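Below: the structure, in structure tokens.
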Amino acid sequence: MHQLDSADTSFPDTVSDIKIGYIGGGSHGWAHTLINDLLQCEDLAGHVALYDVDYAAAEQNATLGNDLSAREDAMGDWTFDAYEALEDALEGADFVICSIQDPPEETFVHDIDVPKEYDIYQPVADTCGPGGAVRSLRAIPQYREIAAAVREQCPDAWVLNYTNPMTVCTRALYEEYPDINAIGLCHEVFHIQILLAELAEKYIDEAEDVAGSEIDVNVKGINHFTWIDEATWYGHDVFQYLDDELEVRKPLPSSETGDLEDADYWINHHEIAFDLYDTFGLLGAAGDRHLVEFVPWYLDIDEPAEIQRWGFRLTPSSARVSDSDDGPAKMDTYLADPEEFEFTQSGEEAVDIMRALVGLEALKTNVNHPNVGQIPDLPDGAVVESNVLITGAGVKPITAGELPREIRNMVTTAVHNQETLVEAGFAGDLDLAFEAFLNEPLVTISREDAQDLFAELIEIEREYFDEYDLENAAVLEN
Amino acid sequence: MHQLDSADTSFPDTVSDIKIGYIGGGSHGWAHTLINDLLQCEDLAGHVALYDVDYAAAEQNATLGNDLSAREDAMGDWTFDAYEALEDALEGADFVICSIQDPPEETFVHDIDVPKEYDIYQPVADTCGPGGAVRSLRAIPQYREIAAAVREQCPDAWVLNYTNPMTVCTRALYEEYPDINAIGLCHEVFHIQILLAELAEKYIDEAEDVAGSEIDVNVKGINHFTWIDEATWYGHDVFQYLDDELEVRKPLPSSETGDLEDADYWINHHEIAFDLYDTFGLLGAAGDRHLVEFVPWYLDIDEPAEIQRWGFRLTPSSARVSDSDDGPAKMDTYLADPEEFEFTQSGEEAVDIMRALVGLEALKTNVNHPNVGQIPDLPDGAVVESNVLITGAGVKPITAGELPREIRNMVTTAVHNQETLVEAGFAGDLDLAFEAFLNEPLVTISREDAQDLFAELIEIEREYFDEYDLENAAVLEN
Amino acid sequence: MHQLDSADTSFPDTVSDIKIGYIGGGSHGWAHTLINDLLQCEDLAGHVALYDVDYAAAEQNATLGNDLSAREDAMGDWTFDAYEALEDALEGADFVICSIQDPPEETFVHDIDVPKEYDIYQPVADTCGPGGAVRSLRAIPQYREIAAAVREQCPDAWVLNYTNPMTVCTRALYEEYPDINAIGLCHEVFHIQILLAELAEKYIDEAEDVAGSEIDVNVKGINHFTWIDEATWYGHDVFQYLDDELEVRKPLPSSETGDLEDADYWINHHEIAFDLYDTFGLLGAAGDRHLVEFVPWYLDIDEPAEIQRWGFRLTPSSARVSDSDDGPAKMDTYLADPEEFEFTQSGEEAVDIMRALVGLEALKTNVNHPNVGQIPDLPDGAVVESNVLITGAGVKPITAGELPREIRNMVTTAVHNQETLVEAGFAGDLDLAFEAFLNEPLVTISREDAQDLFAELIEIEREYFDEYDLENAAVLEN
Amino acid sequence: MHQLDSADTSFPDTVSDIKIGYIGGGSHGWAHTLINDLLQCEDLAGHVALYDVDYAAAEQNATLGNDLSAREDAMGDWTFDAYEALEDALEGADFVICSIQDPPEETFVHDIDVPKEYDIYQPVADTCGPGGAVRSLRAIPQYREIAAAVREQCPDAWVLNYTNPMTVCTRALYEEYPDINAIGLCHEVFHIQILLAELAEKYIDEAEDVAGSEIDVNVKGINHFTWIDEATWYGHDVFQYLDDELEVRKPLPSSETGDLEDADYWINHHEIAFDLYDTFGLLGAAGDRHLVEFVPWYLDIDEPAEIQRWGFRLTPSSARVSDSDDGPAKMDTYLADPEEFEFTQSGEEAVDIMRALVGLEALKTNVNHPNVGQIPDLPDGAVVESNVLITGAGVKPITAGELPREIRNMVTTAVHNQETLVEAGFAGDLDLAFEAFLNEPLVTISREDAQDLFAELIEIEREYFDEYDLENAAVLEN
């Protein structure tokens, strides 16, 4: 028998001496989540090396981590230190976590606001579209550097990437260091699982208090533009109820322009996901704010409020800037009194993945990984999103099957653009990058305006493009 | 030695007893060209069976053909007859020529004018875009019928298709009857060869009076969206001079809105072809009016006159209607006095192809044929455009190599849509067809408007959709 | 979190009302194992419908099953019945188990003994080689019939096949009914896992009492010719110790001709598996008696005893005949006193797989399944062997990666032959089958002798070839 | 019109100033043929740079070339010089011809005679089998050197290779310098065209005096193991008469052991080609002596004379050694009196190919070229044999379509072995090479004997393996 848990074996119950190198270790978001999750895990222990361009921030997190580790209700046995050099943080690491936002947040403002001047609206601008494209170009040199450091310092480490653009960053790691062990993690699908769990509760008599993680979904596509064609709850087909639910929700869209003016910026009713299901037959498996950036039909609007008809909002660039963030204030509170920090169920999987990789407990989840056959109709080697099985033997993608032709059509467009951006990023070739930029589905403006927009985005963040051959880029000439 | 001509062999000089079945044999355009070309060919002879839904028109052409054949300056020995039944026209044919425009021209008006109401402009509307998509759907049942008749009446005949949408019609022939011998012919590339011949004359010292056919081009893509990456004149590289020529022509576009208000409807300055070359590195190899329908950036205009900046015009639907045509008047003249008909060099290749297929003279040209490896990065079996070698052994595609990634990206989108339309046409499934319709690059309007437009186009030509399941098409519901 | 067990959920603990249709339900081997395993499983219950061409044997097993079910130490709640018609046994089944040996065992004698007359030795002759090829041809019509019955009676059932030739039988099920849910099960890899478990114990300090099932292996290839390129024990690399172990075992082969004259017929020292590892870099993952039938170098012997040098024996055909079997005698004992039947740990997985498929507990194991990307360098759709994840959502192959070129070379030869045999079996075309027969690696005799051998094998079992076109088979003419 | 000849154009009639670098320019065979062909070609002129490891021999050929060029009946205007350095011979060349036999002929003796001691008979031993494998390994370093020199001295030159092993040598050129323009030429298919021309004359009424070159064949496979599935004579299907001819020739084989004891060593009755046609449906398109080396069934003989049953002989190694050659004597005669040299129709195509590549006359023929889609079911990039069209634009393979599965099975085995040998040759890795050696179809001896044979072949020619890592080759240990 080959059951997947190791409960009845002689394998040790605890794995110690783990070293985690954390790039972006000064953050208030992911870093705190990791500290939270590690200190609630009873069978792992070791050291976390925090690296950040903002060394002081990493130091604060190290202090917080050690303070919390000293609390009575903390499990495991973890120490935290800040490092000034990336190399030192990664040296001998078993795991490397990347969660960076660098170049700084101002770039986010440009990525959203400049295209808006050309009537191109983007709710997120971190993955695709004009904003996502230039963000990709900026990220690639950084990820080359990370991959090179991994190759030098910890060639066998598992790299868990949380940074967007997820696909391009993860792909750049493999392009620089093909033998790297890296996966990209994203929780968008988890939200769709929760939606499906609600459907299970609603339509299956015996299903009560169903957790999203109980919904077994077949995931296929690319990050933020992935699709579900099967969903079961312990063998019960949940997918069949989508048609019923769609009838309830119709007509779509269900709101009017301006309806959500007072709503939270991150509100999401899955109406785009359902509309894609209605049109193409599979369920779009990311938040609507991401899904709409991959097709031209929803953001063809005259003013931002119009998109509210579909139940979500355009996040203004102002919401992306740190000073709208209460992180620093909280940090002060925690450092003053570590007991103020509340241990929670984060819902993130990094620690579960580490537990699986050291051999403690097998895990099936969806991650971003180079295509080795899991989605046979997408290009080999492109980073795709599907389920994988994670065990002590590593990460093995699970075959997800082919996509229906017209969904493949849309996904392939994005894959080709991402591959071209990576190629352009490694070659420092902005003319090549512009080919992909033009083929972004949101770029439906004239060829000349598109060139102006691209050039303007590069100009405004010129300092982050020093790895690119700006001198000879024809696209920057007028 | 394996030279390709058969000059010095014992092979007979003339091939007689050829039967040609001509579907659309009542036309004034292609039918007259065929008569003209056959009667100037000295080594072929036989019978032409003209079939047309307008039998009287076919009869007129038969009379004209026989009258011209009797002229002293006519070569070969050809007889012409009109047939009332398709089956009779095809029985035992060696060649079948398809050149039809049925459903009638009014549909062309709708295909152009209805999308215009949704701000979607199309210069041609016979290949892709909203108009091309519904035209495809109407054509598929007709081409199934033709393929079935070929299978019954002349299973080994070579079918030469001239009808648009070229790719979808040819593909439908193979889908219905996989063993058919069919190719699709189009002269768009010839015009690009003439452009390149002019460049050869301009930039190569020893090149004078260069004919377009002397330019050896490597063609790859699909009909009306094909590309050239090599062009030589007897071993001299002509392609290298595109950069020089581009510098001369820049800046592109070179005209202003309204500049061509008085120009011929079919004017073409190849500025789009050059702009695509400038951006993507290969030369677009069709007329600009076709090329712009495959990408969203050029037709993103507010009024028709705006496109004139790029050196061509939007053909109004009125120019598509027969009564703007002087064909009938000419016909009367010819029938009254056959000597009034002037034999000309048509520049078309149907007769050359027939000569090659019977073994008289090998021919290399570009045609549309299912992909059997000639363009290895496009889907197997899709109808693609490339060079082929035509001999007595048949038509063999010549390998053209892969496309650069972002050109492949654009071409693949079109291929997927064409494949989906064929699948939808055979299944009678308008919901599936709508998936392709949405993914047409010109359809950048909202999802809801796109559905309204699709439904409106189907409704207005409902009579031609009796092979489709209109009852259960969700896309037609509101 | 997405742990794979359902321990903490509200999902019901037990699944009842399961119907299992068992084809070959009169056997003394697999049928008794299934009864044994079902009656030790506490969370499944239902009905087993036994079908066999020998109805009386099925009836005996039904009686035995019900008798055992009534024992106090039996778990679950199972009833057993024999059926005279295949259709009735399958009607409404949730699972179908195939474990047949029909045509009768005499064919096995021919498959082994006739090739021996041509100096072709085969230890098993049930998979490939001359014997495996004709066995495949005989099995295909039977498996078409089974697939057709499944399509009619229980189209959504999961079919678990245990019959050899495993690959061809499973492939025939899919060829007849492409939407079938079928997998092929084989325990050969389990034995290799036990070998690796012993290595883990020997070379890893903390590893004690390691069960074979604790070894996580990456399996890729086809049944009886599959390969392992990774083996871990809870994250510890076991594969690295193969080189050390190989040094200990060398020189290979380690025995002499005749050394095993008194040994058990089924003895196996894995020396072929190790020799393949030494030569090609991956570990052959089946018993040596199977592995040698896929390559020409080991069975190139002059007398049967010679193969004993490699630590195994040629099983004589006499060992394949039932009367050497003590099954009937045991059966009498059990029926007389059901308490005589000893419940054991069978080591088989059919019940575990059923538990996984109803949603009780996820299972990772290796099975035979059409290739959907799990081994991307083997042909699509061919039945290949790899790990799969089995859950309530079904069976999903896990990507195993590519094979090294020269191993791919050997495996592909076998795959092509299997595909050709299936095609020949469906077409009834023995000339096509002979093409595959000739390309079997063991067929190194002259073309003329090969034809004689093939014809002789067909002749001697002519009665089982009534689905084949014997009249027009050129290969049968002399 | 796109006819392929340039008769009516303004293109110049003659191309002068051509430089040909000839590697192996001291030979008596190919070099004399080239001189012969060039001096009968009226529209080319230039310089031939002869390079040979035997400089004196190259000098003799230069003298001969210049003497012959001075004859009145010589056309063109050619000069010949010998060079001591490869680099000088290639500098600025338009064409490079490779026709070498180095390491010296003694190696041929070993390649044939050593395997014979292991009961492996090979009629040629220059392509595959044990002899072909080690010959490949010896050739690869030399071809790397040639490719590197081309890259340095004449990167755009067309390289025409005549040396065996044809596939491996050509493949090594591309592996070393991927942008090289190289093709491999072989006349084996021409002989099959002559056979088919005879069939045309026999079975088609109007066909008389048909030249082999008039037979249009569709060629697909690899050099010396290629296949024909279509053959036409000016549109008449010749392939259909193979069945009739086969009936006439049957039974095959038609001779007895020893029947050809007094025949020419190179005699060939195409009985193997016909037997392969009979068994697999396509015509083997090389001499029988080559074809049999790719499969195990014909050379499974006990003594050399046995193969004569199939109408050909095993060439003894003695026939391979120069002193059995009358070349030197002839050379003396020619140098004494150039008029003794008789200009002939060589039947070779190198000069025709050069004429095509400079733009004079298009040519269709079969050559060896990397797979870019011409045979879509063989691996990309492997060197395959098919028709190509050669024009001033270069060499474009013509799509040949897929192979039937069991022929693909045999051809793929050879392709994989060739690819592995090239990889091993570039890596200097004899253990990897041995993997391919074992998988040669003629290697049906025991694994241990195969290793001994391989080691013996390497040892006996150790001096030619200095690019290989002999120290660490496990296969050479005992």
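To keep things simple, chains are lettered A, B, C and D as they appear, and every chain counts its residues starting from 1.
Following the convention adopted for this analysis, a residue touches a chain if its C-beta (ideal position, glycine included) is under 8 Å from a C-beta of that chain, and two chains touch if they have at least 3 such contacts.
Just so we're clear, the structure is a prediction, and the values are computed from it rather than from any experiment.
Relative to subunit B, the chain whose mean Cα position lies farthest away is C. Taking the mean of the C-alpha atoms as each chain's centre, subunit B and subunit D sit 43 Å apart.
The distance from the centre of subunit A to the centre of subunit D, each centre being the mean of the chain's C-alpha atoms, comes to 55 Å. Multi-chain contact residues of subunit B (touching two or more other chains) are absent.
Chain pairs recorded as touching, per the definition above, are A-B, A-C, B-D, C-D. Interface of subunit C with subunit A (complex): residues 1-6, 9-12, 206-211, 213-214, 216, 218, 230, 232-236, 349, 352, 357-365, 372-376, 380, 387, 389, 391-394, 396-401.
Against subunit B, the residues of subunit A that register as touching in their complex are 275, 278-280, 296-298, 300-301, 405-406, 408-410, 412-413, 416-417, 419-420, 423, 434-436, 438-439, 443-447, 450, 474.
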